[in-house]
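Data block below; observations after.
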Amino acid sequence: MAEPLLLVSDLTKNFGRFCALDGVGLDLGAGEVVGLVGPNGSGKTTLINVVSGLYPPTRGTVTLAGRPVHGGAPHTVVRSGMNRTFQIAKPLGGLTVEENLRLAGASAGHRPLPEGDLLQLVGLSGLQGRVAGSLNASQQKRLDLARALATGPRVLLVDELGAGLSPAELDQAAGILRQLAEAGMALLVVEHLMGFLAKVTRAVVVLNAGRQIFRGDLDQAVQDPEVVRVFLGG
Amino acid sequence: MLLEYAIVAGLLFGVFYAYLALGLNLIFGVLRIVNLAHGDLVMLGSYLAFELYYAWHWSPLLAIVVAVVPCILVGGALYLGVAPRLARAQDPEMMSLVLFFGISQVIEAIAAFGFTSNERSVSANALGSHPVGILGQAYPVTWVVVAAASVPVLLILFAYLGRTRLGRATRAVMASPDEAAAVGINVRMVSALTFGVGVALAVGAGSLAVFMLGGVTPTEGVSITILSFAVIVVGGLGNPLGTVVGGLVLGLAFQLTLTFLPNWASLVPYVLLLAVVLTRPTGVLSRARRLA
Amino acid sequence: MPAAGFVVANAFYPNQQELVMMMVYLALAQGINVIYGFTGYLPFGYVGFFGAGAYGLALSVLYLHVPAGVGLLFAVLAAVAVAALLFPLLRLEGVYFAIASLAAAEALYEVISNPSLAAVTKGPYGINLVSAYNANASFVAAVALVAVSMGIVVYLRTSRLGLALRAIRSDAVSAEFAGINVVQRRTVAWLLSAAMAGAAGGTFAWYTSTFYPGAVFDSSISIFAIVFALFGGVGTTWGPALGAVVLFGVYNAVGISQPQYFQLIYGVLIVLLVLFLPGGLGSLVQRLAPRWRRLRRTPGRGPEALPGVGGPDG
């Protein structure tokens, strides 16, 4: 089997004495989609923050297509072919939609989609000239996704894309993610909305208190006693 | 001998520095605003004490007491006037900095009109001519009087923060304005009052500063603001008790440098400020908070 | 174009010194524009670079015996060196950065004016460059200074670097994930801004030829530059230039003999700007322009008659 595109091993992150991630391992191949679930505070977003370079890990490694990327600043991670979205989208508010994408496209590691196609994909066609700060929350979320895609990532870390979207928008978002995976992109999808996640993938990793407690099929996960205990308490 | 002298002098100045910087830290703690006009308020207090002392032979201590109520009223009103507009600004932190910078310029200009640009000097013997003996060495009586006057002010403020209902409300707002509001504290009024108290502390400290520093000029505000900022950064921003620690550290560092490297003593506040801001996590903490 | 304006003004206006000072302040206001308007860092100690530039020129002329024109390169170099020394300040944000830069400038002044270093810097006794004095050549240098600083801002308004800086100002984290090397881009803006102040300081030193350290490290130089930039509107091409010309003009009309009047005026101006017009004059033009256009309905007149005067997106 070929080497996985993204390989995370023994990833640990301490904030002072608090251990947010405790030796997490993970691998993703091209076109593979893995859901990352767990209760609040289990370390899902911290994992994305560390893998994407926002925080340096306390211990452990992240390699992208065989090249170590941990400890580098986010822009180096972006340029080597991995990007992320944000739970609360923060597009560059003072710039127009078009400028947001032009900037991101300029540092693309790989040939990205043309801007027009990108806008069509996320459903922002016709809004190129709008200042990003004047978009509504849903549009900002789409722009955030388009910004990540404009850098031409081979691995995309998706943080709570479903939160705050309407049912119709959820279907659309799930369609976009499936389409990206079919085109060969590897996706790690942090999600609270299980219905939404189920439309994208069956493969999940469950985190609790900074540790992986389950990896496998979504259907098996809901029968796993430890997963059930963690989610329902008791 | 020299070392002991420097240490005692450093402690005397340190207590005074703590008083000098306390208003700045109180305002920062509650409002998250750096009052860049702080030094200019100190300067105004110095002129007030100077005029009262030489025109009517009032003690500077009396000036402190007299100034409290008008300062709280003026400061509180100023806060209530500008706060709503500031809150609506795109970048309230920077805008408040620029705003108080403007206010500082206005105060300085008005002082130059009112008192001319020349320095008003105070005789070293103004508060008594007999040196005071401490541990076998003689110190100017002014230093001892000013330090002795600073201590009760600090104690009163800490008693206010620790023992009164308003003071406890103030500390609640310092910890978290949202949660303070949630338990029924009127954050706006507490903020206005705190701003007023901060102004009163600055003006009061000024009435001692004119004696401690030997005079006053309209342009001294900037360096007093930086000195005070150095004190509160060393002691911990927004931590009133830390101000005392910061004041003592600065007082000792300044007096020790003055004793052993006299030409370089004026560098001390700047170097300490830079060293602490760059190495202590508080400055960097704000970044971590923003990224989280 | 503004550079040409100053050349024309020189032919008609008798007071060349005022013109040179206006040009120096124009460059300083544009330097503030580069660092504050494009990155959001507000250096209250901006004068530190100006002073470093003045001493860079003076000491290179005195000790290396270079012509003053070459000394300008040393002025830029000195300011850039100070900026490089202060790289750690860029880790700070907002208030911390503003006040730390002020402390750094004061510290630099204390060092340069220190009697212990009088053998090198002439300490508090000041600099005498009368042998290098050349009013015409230094006037030309000031005109070039204006042209270059306008050029830098025009470049930033139109280039990818400028777009990246605006992105960083908007949100540093998102900018990182748009692939921008935030630290490096900020550093470039910082050095550029320092170089502009250094060149301004060098030009001032050359034109004045004798000065005390207190004159080139006077904190009111930072204040003027910041006020001029804010008044015209930072982030724009013309705002800071306009601010420098208008406000320095006012300063010359009312302020020279009684600087306190001017200090009072601009203090009040800052307060009013923050409270009522945080975007500066530029934003006012931008806000009124559409209304004006609707009133006029005459193409080619209206706001187009004021090329380039616009808000952050104009």
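In this document, chain identifiers A, B and C correspond to the written order of the chains, with residue numbering beginning at 1 in each.
In this section, contacts are C-beta pairs under 8 Å (C-beta built on N, C-alpha and C of every residue); 3 or more make two chains touch, one makes a residue touch a chain.
None of these values were measured; they are calculated from a predicted model.
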Item checked: Pair joined by more contacting C-beta pairs (A-C or B-C) -> B-C
Checklist line | By mean Cα position, the chain sitting nearest the middle | finding: C
Next item on the list: Let me have the rounded angstrom distance from the C-alpha centre of chain A over to the C-alpha centre of chain B, please.
Entry: 49
Note to self: On a C-alpha centroid basis, what's the spacing between chain A and chain C, in Å?
What the structure shows: 43
Next item on the list: Just give me the whole-number Å value for how far the CA centre of chain B lies from that of chain C.
Entry: 31
Next item on the list: Pull out every residue in chain B that's touching 2 or more other chains.
Entry: 291
Item checked: Multi-partner residues of chain A (at least 2 other chains) -> 54
Margin query: Residues touching two or more other chains, restricted to chain C: which are they?
Written below: 173
Notebook entry, point to check: What does chain C use to touch chain A in their complex?
Noted result: 160, 163-164, 166-167, 169-171, 173-183, 312-313
Next item on the list: Provide the residue numbers of chain C that touch chain B in the complex, in ascending order.
Entry: 40, 42, 44, 88-89, 91-96, 98-100, 102-104, 106-107, 110-111, 114-116, 173, 219, 223, 226, 230, 260-261, 263-264, 266-271, 273-276, 278
Next item on the list: Within their complex, state which residues of chain B touch chain C.
Entry: 34, 82, 85-86, 89-91, 93-95, 97-99, 101-110, 112-113, 117, 222-223, 226, 229-230, 263-264, 266-267, 269-271, 273-274, 277-278, 283-284, 286-287, 290-291
Notebook entry, point to check: Which bits of chain A are touching chain C when the two form their complex?
Noted result: 52-54, 73-76, 78-79, 83-84, 86, 90-96, 99-100, 102-104, 106-108, 131, 144, 147-148, 150-151
